[in-house]
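We just call them A, B and C in the order they show up, numbering each chain from 1.
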Amino acid sequence: MTTLDASDDVVRARGVTKRFGDFDAVRGIDFTIRRGESFGFLGPNGAGKTSTMRMVSAVSTPTSGSLDIFGLDPASRGSEIRGRLGVVPQEDTFDLDLSLRLNLEMFGRYFDLPRRVIKERTGELLEFAHLSDRAEDKVDNLSGGMKRRLTIARALMNRPELLILDEPTTGLDPQARHLLWERLYRLKREGVTLIITTHYMDEAEQLCDRLVVMDHGRIVAEGAPADLITTHASREVLELRLGAEDHAALAPRLADLAERIEVLADRVLLYVDSADDTLASVHRAGWRPERALQRRSSLEDVFLRLTGRTLDE
Amino acid sequence: MSEVTSLGWSRWRRAWWFQAVYYAQTWRGSVVSSVLLPLGYLGALGVGVGHLVSHHSGLIDGQTYLHFIAPSLLATTAFQLGEGESLWPVLASFKWTRSFHAAVTTPLTPRDVLVGKLAWVATRAFAIGVLYALIIAGVGAAHSWWALTLPLLSVVICLAFAAPLAAYAAKVDTDISFPLIYRFGFVPMFLFSATFYPVSAYPGWLRPLVQLVPLYHGVALVRAACFGGAAPAVLAHLIVLLVLIVVGVLWGDVTFRRRLID
Amino acid sequence: MGRVLPVLGSRRALHVVERNAMFYRNQWLMFASGFVEPLFYLLSIGIGLNHLVGTLDVGGRPVTYATFVAPGMLATSAMNGAIIDSVFNPFFRLKISHAYDSMLTTPLDVGDIALGEALWALARTGLYAVSFVGCMFALGDASSPLALLEIPGALATSFAFASLGLAACTYLRSWQDFDLITLFSLPLFLFSATFFPLSLYPRLLATLVWFSPLYQSATLLRGLNVGHLDPWMIPRLAYLCALGIIGLAIAARRFRRLLSP
């Protein structure tokens, strides 16, 4: 019996783990993704994002815990679930023997779509990906950004209710990234639920209504990007480069000037309410930093706070 | 000495090494195709079918069947080496791995790349020739001192195919024609070069056609080196193969340069 | 169908067959040219070796050498075709292009992919066998109507090797490892009594040859070719089918482990 409430939840995970041999990739995570929202998984490489994505894509089964997608159990009804999903894997994987058009058409066949519908959608999707003029080319000849757009177009062939994107813009130049983001907004407006993993802060802030931060196979925080920043970081950040001297040794002497400080290899971060005021105090205290940068707190700072590491570590 | 170097010896040596280093990582497959396969044929055909043949027809052109086909296998192996190294591997070096393009960013010229490639294939053909000469002598099929030239003949046969095919592979954009060349060129060539039975077995009208098959001349040449043969015929076989090499190298010089520079 | 073969795949496996057919649609010339190849082999042997070897005994009848060898070559080509379709192409999609990973984001299941590739190998062998047997009739190397049964015989052969090949391709690490496949198929080809009767082998080797699926296939087809039925054909056929089922089960398990851990 499906309740109204349950039909609003697209994915529900309770205590989900995934173990490969001796390695615990995912160590018991809970999350719920609601229809129409765009939900992010943020974390460095090896945090367990991709393993989680593969389970949510109904390609790999959890070692323990309960997971349901569209209210169905992926272990027994994977095929049915995948029929309603679109997946953009981290690596672009095409059928290199076939042209762009045939790649899309064949993909439609895997979903058992009628040929007439496939023909129609293939044209639309090539248009969507800005690749209509390359339709008869082999996929091998495409640039990285084109391949990524084609992967996304391909994932839309079955008009999915839920689109899962694993690191959608890794390796793309800024222009290609913005084009992709624009495409994703369009889908979101059309009511598609999005799941996005990324290790780019700006991407998470731009695209996600809600996100979880993952580290070492666990979820360490959950919320809307702005809320996470308010909860886990100060309003502003002052970044100081203090020259050749050892940052770690100097740091304690700066501690009084900020709510909290973080010492990185090449700089010190001061979490404060007003970076301007703090910089003045720093100067008054007799410091002459080589370089000082004032900025608003970001998800990067949230992540640093929660895990003690930067995202690209 | 520096005059000689500028002629290309040193660069050719480097281009040769380039191939050799690559081969050092992939040699296992060639042991199968160049050593085990022909040896298997020799066992299965020479001994097995040979038994049937000697039972029924006795000697073939004065030889046992084993002795008759042992030279053929040297010729067909040299042919397969030349053909196998020159279509896909050459196209791959231009198109997929682009290692030839990498080579010409060094002081190597397109001609050096071609020479290095062919020199390396020739080196392998020579090694196979030595091995087969020993096997042929071992089974007692070397009746003439000319058998000492077998390694060189192996090189000639191999290059007669490698040079023109490498030139062709440098010209094409895709490998779409290769399977067809294989199927309509190499397979019939392998089967209709008087390889497994004497040319007298062919019907009269087919015999002149067999003369047009390059591999036939290779097989005949090797057989003559093992058992002796008439000088004019031997010379004719040799000339056919040498012409193929010269044409192939000249053509390759053009196609390699076009592909790598223009 | 989904319920009959829950482990091995479902009706969706046919989409994998369709995919392969789509690829060859653009390469029909190459595909079609495969059908003339047996003609070359049979002609060459008929011209030269029939005369040199004389007649051989199959099921108590004297036959020409080409008639003796042709079924063995059909068996060999069923084996080689199955290996190309089940080892080389799937390896590429499994480990190089990762095309299977993208297929698994659709309703297709791992078992569908394994079964589909095996079915494709069968379909291609079937077409090839039809043309091969046609060539045999045309050249007089087959005369009995029972020779038509060589076509299903070739399918069983292809099924055995395609399934084993599919299982094997999951263990390969790089293109270099294909030498191992050749090391396996080559001795089978040369020493499965394809070129001469088992009675010529030394006794010990003959016992080994007996286990070769290619020998069993060649012998089965040879009997059918001259229209000589014997009860031994049943265990030979069963042996080939059993290898096929075992191979496919292993392949499906290995595919699952690699693609959907």
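The rule is simple: a contact is a pair of C-beta atoms (placed from the backbone, for glycine too) under 8 Å apart; a residue touches a chain by one contact, two chains touch by 3 or more.
Please read all numbers here as calculations on a predicted model, not as lab measurements.
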Specify the chain with the shortest distance from its C-alpha centroid to the centroid of every protein C-alpha atom present. C
With centres defined as the mean of C-alpha atoms, identify the chain lying farthest from chain A. B
Can you work out the whole-Å distance between the CA centroids of chain A and chain C? 47
Taking the mean of the C-alpha atoms as each chain's centre, how many Å separate chain A from chain B? 56
Rounded to the nearest Å, the gap between Cα centres of chain B and chain C is 30
So in the complex, which bits of chain B are touching chain C? 26, 28-29, 31-33, 36-37, 40-41, 43-45, 48-49, 51-53, 55-57, 60, 65, 176, 179-180, 183-184, 187-188, 191-192, 196-197, 201-203, 206
In the complex, the residues of chain C that touch chain A are 10, 12, 15, 18-19, 22-23, 92-93, 97-99, 101-109, 259-261
Within the complex, which stretch of chain C touches chain B? 27, 29-30, 33-34, 36-37, 40-41, 43-44, 47-49, 51-54, 56, 65, 176, 178-179, 182-183, 186-187, 189-191, 195-196, 200
In the complex, chain A touches chain C at residues 20, 57, 59-61, 78-80, 82-83, 85-87, 89, 91, 93-98, 102, 105-107, 109-112, 154-155, 158
